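There are two complexes below, and they share chain A, which is joined by chain B in the first and by chain C in the second.
Coming up: the complex of A and B.
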């Protein structure tokens, strides 16, 4: 019995190596990619886990402190929980912005029957992607300044009472940021992903729906949306990861202020690593953010998986 | 055939790596007669010095290389650790680099000859006292200082005239009264941004903290030089003295500089609150960088800034004149920041507030260079600190603006900078040794700005603010004890703490 098993195992190993040898050029071609990934992604990634257990200034001070960085983060850091809650709000709003408007645009584009017109709109919707996002961010920072165009317009149309210190008032600054980052919230790439999903729906399904006299809205909610759910899932997944990691727009516009009202975990991580030289602590923040992303991903998979089954 | 091809490929790869590695190690600077000077600003004046040096020494090469100011410290620190840093670096804060233990100690050179300045003692070319001031708490001279900066209040005299302000305010009370007159005429007396990029919120506090805590210096500076005595009226008595992290920590634990326990700290912030009505309404959301153009646009009457602003301001006014907008150019003056008096606080118990005049920058050299490279680097620094060469550097004008590149005050005797810069170099009348600081590391600074914003916008009461500052200061001081563990006298600190 044992002999048979070891013989079977030996055959399987030989088979495996034979198959690898047969496709040796493919494997060799993959080596540079994965070698670079290992050096620049995997090693720093696992290193961050280890360094999160150290008090490390990134240069010449390294002391093992166990879970003290995590204890400080959860118990002492006055910015952490507030920025974490803020991050959740941003994630939810970003997901809504990324899915609702994009889906609506994709469906509308899909319903444009004139091929040339649809092509034109596809080009126009992807065109803004060539403008660096930071340019828009910097422009908006000027627009929402106290003497910026937004307050000027409000003043000129008789809505002086609505003029605000958009970036100076702790109560409204987060909403101002949510509004201006990525405005007008049209993501060309995501729209095209959804559009490709819609275009892949079998025409016979539409024909059947037509015969049954299905309404515009029913077609959208009961036919198209369920069928493009894999694409929507990808967009949600990407948006969640992007939102959790994102801090650069906030850094440019408010740098976490006024007060600490726009701090997010990404900015906290950046400041601790590159401004305070607390690389160990920053690694701990990174580890927690990684765990949060995993949790969100699992929830997303669970919810969308259930929808698919339904 | 196949094997030969593989062998050829392997050989050529190894050769390519070899050539690349040798090229990298040689670069432009491996030769003993070549050094590189990295600058964070005003590169043309250093390029001029390099050219003059190479004219005198045709066998030597000085390469000047500008790097962006933002992030320069991190870049250079990383290069120092990797032992690939340039041979000479112009920096603003040498302590950050000195902590790495990789800097040359200029004490070995500063008392020696400088043939370019025709002196047997190089230190004599510098203004008195600044070489001592440049030393760290361990008496090491980690850099050769190059220029000074002064801080003053750029003042729009046209708005003064229009508002009927006839006398230049010298005290805070007079400043507030002038501010009221300006406000009545519709002007914003003082343009301020409370964000991270406007030091106007820090300089008045710095000036006050030095004066308000002056009488406590003997109680705080315990690890002083043998025989040191403190005379508040003698600015030179603190030369060579620094408050070390363990002294700061002990002073905090004693309650001398703890914001919750110290009435002196409270007094400083109460004065700042009194000045708040002079500020622009959008001081919370305003970007500090905007202040540089807001002042010449006439949006504020006062703008507190340093010598480095002079070339920029004169450049802006010049452009306006060239563009036919002479009516927009106004007369301005640079006045000392108005001082607190006994009307404002009871803590001026050892002299009044000094103005801010400090070393702005200097040259550092790594300590791991070959002897020949070190000698060349030091020789070039000596060359730049000869009055004749330095005068040419300070006088070099920017063709675009018609004004000198460098608005700083020269630290070398007999070398003149921009004429207006002299106004920012007042006499220092009292001894200043920084003991209470608003923050003790970068993290503490960010939290300070957050807390300060809350205080100024009414989100914090004074007590809440001081409590938050106390907690943040203590955490920073503890971090510093850990970070500088190898440099602090832990035994002394533990013994002193036991006595409390």
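Coming up: the complex of A and C.
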């Protein structure tokens, strides 16, 4: 009994090895993929956690200090909590931009019944996406400068009292940033996603609504919005996850200034690593950000996964 | 059907709103474009109206001198990154879609998991790895990581695309005695060409716009890409505003041209790209 069992097992094992051997070219073809993933994704992933426990200058000085980086971050770094709160504000504003304004655009675009006009608007909304983002950022940075055209317009329409040092005043610089990044807050890709969601709504539902003489706001809130909710959910989570990590525009426009009034965690990480050579400390910031992001990733998986099962 | 006046007004408002949005979207670029043809004096005197009588191209001559190296670097990197990503990811996707082999599921899970890792966590260790590999300050530092991270999304899209191809086609070819290579080159690749264009466009866009990574791993000016280059240019006090505008216009042209030829693919690519989650 025991013997037959083990022989069966032996056959199974041999079979398995034969199958592995037969697939040798398949594994060979997958080597580039997994080599790249290992070097640039897996190793950095674990390295980030390990190095967050070290005092490390990135080159030669490496000392294990346990959780001291995290203690310093939470207890001593005055920039951390301020920048974290600022990040929360930015995330909320970004989500509003990405949902309210995008939905409004998509719904209005969908109501344009003239086919060629709709095509024209669609192309126009997507076209800025092919101009390098840096061009837009630099232009807006120039427009809100002290002698930029925003102040000039305000001066010429008699609102001289409204003129500000938009990027030089600690109190208003965050609002200026939120206002000019991506103005007029149209995200072409997201608009198209919602638009295709709207276009997939069954015509018969619209006809039924038409027959019942449903007003346009009921059509919006009780018909269109519920039906494009899956797409809106995707956009919301994507915006949150992207917005938590993003600091590129802020780095270009104000680089955290004036003073430290526009620091965000990402910028804090970047400057600690590449300006002050505190790689261990910067890794610790990265780990904290990862923990924040993973919460949203998991909620996202849960929400979208549950939708699929229903 | 009778329309109430209020409906007509509402319908007109929709066009007004969309027109306003388009105006706001394009205002900076139009402003940039017509001022790039002005002399500095004309720009200071009146920046609000285009000059039709006194069109100057010397801004473009100056701007071309300073941005052309960045432009060529960016074009080169965009093409290499996009092609590399497509080659690597289509091989992976094809294998996972067609063949069955031990460890298939777990290997795929290893790719799947990467989507959970945010870029901000791996940014610093990646820079260190690039330094340790000795490719810091070379274009390999852009190409390899961009293939590594770009392939994941492409693999997903291509895998489900290959799975959706009708298997009758490949089976018929097999019966006729076609080998794997023949099947791939005469059936799979022609069929998935539109998909390749869409994904390629997406990769080109990503590498064209990436700023922080090249800024960190390329310190020599000769290797810089467009975003770093024009940001550097914008901070040179000696470069006139009109010349800056000309430079911005020059670097915007290549992708606009590409867009003109592959408009539908672009639109498709941008909307698939956003459904990463």
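Everything that follows uses one rule, which is that the second predicted complex is superposed on the first by the 259 of 310 C-alpha atoms of A that agree within 3 Å, B and C clash if a C-alpha of one lies under 4 Å from a C-alpha of the other, contacts with A are read in each partner's own complex, and residues count from 1 in each chain.
FYI, contacts are C-beta pairs under 8 Å (C-beta built on N, C-alpha and C of every residue); 3 or more make two chains touch, one makes a residue touch a chain.
Remember, predicted model here, so these are calculated numbers, not experimental data.
Residue contacts after overlaying the shared chain place A:214 against neither chain B nor chain C. Shared-chain residue A:166: touches chain B; no touch with chain C.
Touched residues of chain A, counted separately for chain B and chain C, are more numerous for C. In the superposed pair of complexes, A:51 makes contact with chain C only, with no contact to chain B. Shared-chain residue A:304: touches chain C; no touch with chain B. Contacts of A:274 after superposition on the shared chain: both chain B and chain C are touched. In the superposed model, A:251 lies in contact with chain C only, and not with chain B.
Note: residues 141, 274 of chain A belong to the chain B contact set and to the chain C contact set alike, using the contact criterion stated above. Of all residues in chain C, those touching chain A in their complex are 10, 14-15, 17-18, 21-22, 24-26, 28-29, 31-32, 47, 88-89, 91-92, 95, 99, 101-102, 107, 110-111, 114, 116-129, 133, 144-145, 147-149, 151-152, 155, 205, 208-209, 211-212, 216, 226-227, 230-231, 234, 241, 244, 248, 251-252, 255-256, 258-259, 263, 266-267, 270-271, 273-277.
Chain contact summary for the complex, chain A toward chain C: residues 16, 19-20, 22-23, 26-27, 29-30, 32-34, 36-37, 39-41, 43-45, 47-48, 51, 58, 105, 108-109, 111-112, 117, 121-136, 138-143, 149, 183-184, 186, 188-190, 192-193, 196, 216, 234-235, 237-238, 241, 244-245, 248, 251-252, 266, 269-270, 273-274, 279, 282-283, 286-287, 289-290, 293-294, 297, 300, 304.
The touching residues of chain B, when paired with chain A in their complex, are 74, 77, 81, 99-101, 194-196, 281-282, 284-287, 441-443, 446-447, 449-450, 453-454, 457, 459, 475, 482-483, 485.
Interface of chain A with chain B (complex): residues 55, 57, 59-61, 63, 76, 78, 141, 145-146, 165-170, 255-260, 271-272, 274-278.
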